[in-house]
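In the two assemblies presented below, chain A is common to both, partnered first by chain B and then by chain C.
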Partner chain A sequence: MTSFRISRRKLADFYADQLLAGKKDVATQLAAYLIETNRLREVELITRDIEAALATRGVVVADVATAHELTPATKDAIETYLKRATRASSVQMKVSVETDLLGGLRLKVPGSEMDATLQRKIMKLRAAKV
Partner chain B sequence: MNILTQFSSTTESSGNVFSALGIDWKLLIIQIVAFLILVWILKRYVYPFLIKSVDERQAKIEESTQAADNAKAKAEAAEKDIEKLMVRARKDAKDIVATAKDEATAAIEAAEAKAVTRADKIVASAKEQIDKDVIAAQKTLHNQTIDLVASATEMILGSTVDSKVDQKVVAKAIEDVR
Partner chain C sequence: MADISVTELSKGLRDAIANLESNDGLENVGIVVRVGDGVAWIHGLRSAGYSEMLEIESGDTVVEAFVLNLMEDEIGAVLLGSEVKVAAGDKVRLKGRILEVPVGPELLGRVVDPLGRPLDGGPAIKTKQMGLVEREAIGVMGRKSVHEPLMTGIMSIDAMFPIGRGQRELIIGDRQTGKTAIAIDTMINQARQKTGVINVYVAIGQKLSKVARLVERLKEEGVMEQTIIVATGPSDSASLLYLAPYAATAMGEYFRDNSQHALMIYDDLTKHAVAYRQMSLLLRRPPGREAFPGDVFYLHSRLLERSAKLSDELGAGSLTALPIIETQAGDISAYIPTNVISITDGQIFLETDLFYQGIRPAISAGLSVSRVGGAAQTKAVKSVSSHLKLGLSQFRELASFAQFGSDLDEATKKQIDNGQRLTELLKQPQYQPAGIWEQVASIHAVSVEAFKDVPVRNIKDAQTALLTKLWTDHKKDMQVLNKGDKPDEKVLILIEKTAKSAAKGFGE
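Up next, the complex of A and B:
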């Protein structure tokens, strides 16, 4: 099987379009390609590029980290906020629980990050040391 | 002997007064002549030496006297000079003592000024060091307080923030960024 090296941007655009088209084996396809082309080290970068490509197409993938499980109401509030802030038509949230955050939430969307956790506030307090 | 007897006999014959007095003219004349001759001889050969010797002695005595006078005068002059020197020496000594006192006073004043300056420097340095120490202590206290507050806050939040409270915190965070 002959493989060509495709740029990350082109890969991201292609797979973003595939995802939006509703194809379900996209992830497997991408993984196979990366293994074959020995580009596994670029997984993180390509994932980020795909998220950025999706964002330009009105789909925002957001990493949401909290100290406790979110209630559906809170999830809705976050989604609403993200849609309005990014002007996206659709928001996909990857929620994770990190007890070290103590409270609050950390949002990561392509191109920006918001850290409103209590851990961050304590870190800022510690950073005030002279 | 004949001559003597001849004079004696002549005297007896020429005058009775001298004979009565026991004076023999001839013998007297001879004695006078002899005496004159003696005087002449003395004057001619003895006296000049004696007189010269006396004169020399007198000159020596006068010279000695003069020398003694001179020495006395010199001694007096020397004594006056010594007195003058003593006066001058006392004056010089007084001046030296006064100068030394002035110099000592000046040296003491300079040393005092130097000591005051040094003391001021030491005090300023100590004050500066104390200020630095105070600032360092304040910083340490500040940092320790922050650490303590952060640790305490962390502990309290860890035990008090439950899911319900956290939902409120999240909602508040979203509300704040809107």
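Up next, the complex of A and C:
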């Protein structure tokens, strides 16, 4: 049987549509396809593509990292901000505390990022000096 | 009807656009999937544009790259820095602009890399303006036909293949035939004749020792103050070699667009095409003839099209280009040479045989041509050199024919004799470009056969004697002649007389 390579973008679009339509076995289908076509190395990239595809359909999964624990009020503010910035109807936040960031906040949404951490500011200063 | 304020309407519209375009601090980011051979493959960044700049954050350092391949799942970007520091998983940001380099008079006298960073150990370069590396060439209505001369100071070129400001004249020949020498002499002549033309020399993959020697020489000759050198060496990445001529053209365009005249020397475009081939193959673009990609013609045509003579409305500035192409065993029908020949407005072909016969510059009279320079030739030189090219071509043909026997008629013998004298006269040592008056006097002396009794080996001495005598005794007339206007009969007779008297000392 001849098979042609389906692009990651098409796979992600298919997955997102099926997921939003409530089809639960779509993960099994995709896993089977990746095993059969020997593309398991691409799992991480496909996951990112699926997140991006979901974001264009109004469902955003956001990673929020801060140096200190967030208050519920700040979390709400971030959610409101993300809804406005990404024009999403639903925002799911994964909040984590990373002391390496030193201060500030890092928001990751599919395909975009806002890095307002002290760590990045220091890195930029160092790079500018180089 | 309510009052409508046009100012507020426009402001409202602008605000609405700004709101829609605003990303509220969110930046586009992607990640490096794999990297190698100066190319990084990046996942994400779906809004990236062709030739857009990227920043790859790798630990504490930032490496710049520019996008050349836009594919469905990933983009291919060429790194501008060391790939050693870039690793898979590194974060990549869009810079939202295409590559720019510093441009302006602050660059004069400096040696820089294609990104405008100094290589001469001098202070940092702070220019008021930046210029786009990739820029569209000026349109039809913004141009004017080439009509002002760009004197190279090389007699055989100025007399037979004149170059005009805004022209693209290719210098083509095998290795070690004096291609760069012609370009350097032309740069030196701009300073000697005080033409005010700015020189921009682009070394593409040239040995850095050669570039260093060139810089020293230009300093000695006092040319460096009106010169910018954009240098890339053989150890630089292919991306820098690829960018060098475009970046240098952006620097030259600044002068063109500010009503000045600039001269671009691309040394050489063969290496540029090779660098582009390397990049294209690494980006997995399909190879074509000689493994060059399909757009290798466009690579050079879009570069050379930026050289132009601007219309009076745009300030009448000009950008002249002297691209250099290296051939293999004199084969001008190879892929890149034919491409560039068809793009340019003529070529100066240098022959190895002539070079080793001691005829330097080794310009082939038959294969060289200047398609638009005729209109730009200095009137003074034009008035004495109209039959030069034909005479020289016929002589070279006859000379090879005459080898087979000595039984030649008088007319042929005379033609060969004249040709030999002319060939001898057109020999010119390096770094000694000739002024207009020197060219007119020398060519006129041979045209009127003033040197007919001088043995061929003494022609150069007779020429020197003539020029010395003219400058000592008739300096004013020569200064007038040097302005380039058509010489009157009186001056021509004066030259003829002086030549005949100078020749007496060298007769057999």
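Rule of thumb we're sticking to: the second predicted complex is superposed on the first by the 101 of 130 C-alpha atoms of A that agree within 3 Å, B and C clash if a C-alpha of one lies under 4 Å from a C-alpha of the other, contacts with A are read in each partner's own complex, and residues count from 1 in each chain.
Note that a residue touches a chain if its C-beta (ideal position, glycine included) is under 8 Å from a C-beta of that chain, and two chains touch if they have at least 3 such contacts.
Only a predicted model underlies this, so the values are computations on that prediction, with no experimental measurement involved.
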Please tell me, clash or fit, for chain B and chain C sharing chain A in the overlay.
fit
Using the superposition on chain A described above, determine whether A:114 touches chain B (first), chain C (second), both, or neither.
both
Could you look at A:125 and tell me whether it touches chain B, chain C, both or neither (first, second, both, neither)?
first
I'd like to know which partner A:71 touches here: chain B for first, chain C for second, both or neither.
first
After the superposition on A, what does A:48 contact: first (chain B), second (chain C), both or neither?
second
Of the partners chain B and chain C, which touch A:105 in the superposed model: first, second, both, neither?
first
Which partner does A:7 reach: the first (chain B), the second (chain C), both, or neither?
second
Overlay on A puts the nearest Cα atoms of chain B and chain C apart, in Å, by 5
Dual-contact residues of chain A (chain B, chain C) 81, 84-85, 114, 116, 126, 130
Under the definition above, what is the set of chain A residues touching chain C in their complex?
7-9, 45, 48-49, 52, 81, 84-86, 107, 109, 111-116, 123, 126-127, 130
Given the complex, residues on chain A that touch chain B span 66-71, 73-74, 77-78, 81, 84-85, 102-105, 114, 116, 118, 122, 125-126, 128-130
What does chain B use to touch chain A in their complex?
139, 142-143, 146-147, 149-150, 153-154, 157-158, 161-163, 165-167, 169-171, 173-174, 176-178
If we count contacts the way the header does, which residues on chain C are in touch with chain A in the complex?
23-31, 33, 43-46, 57, 60-62, 72-73, 91
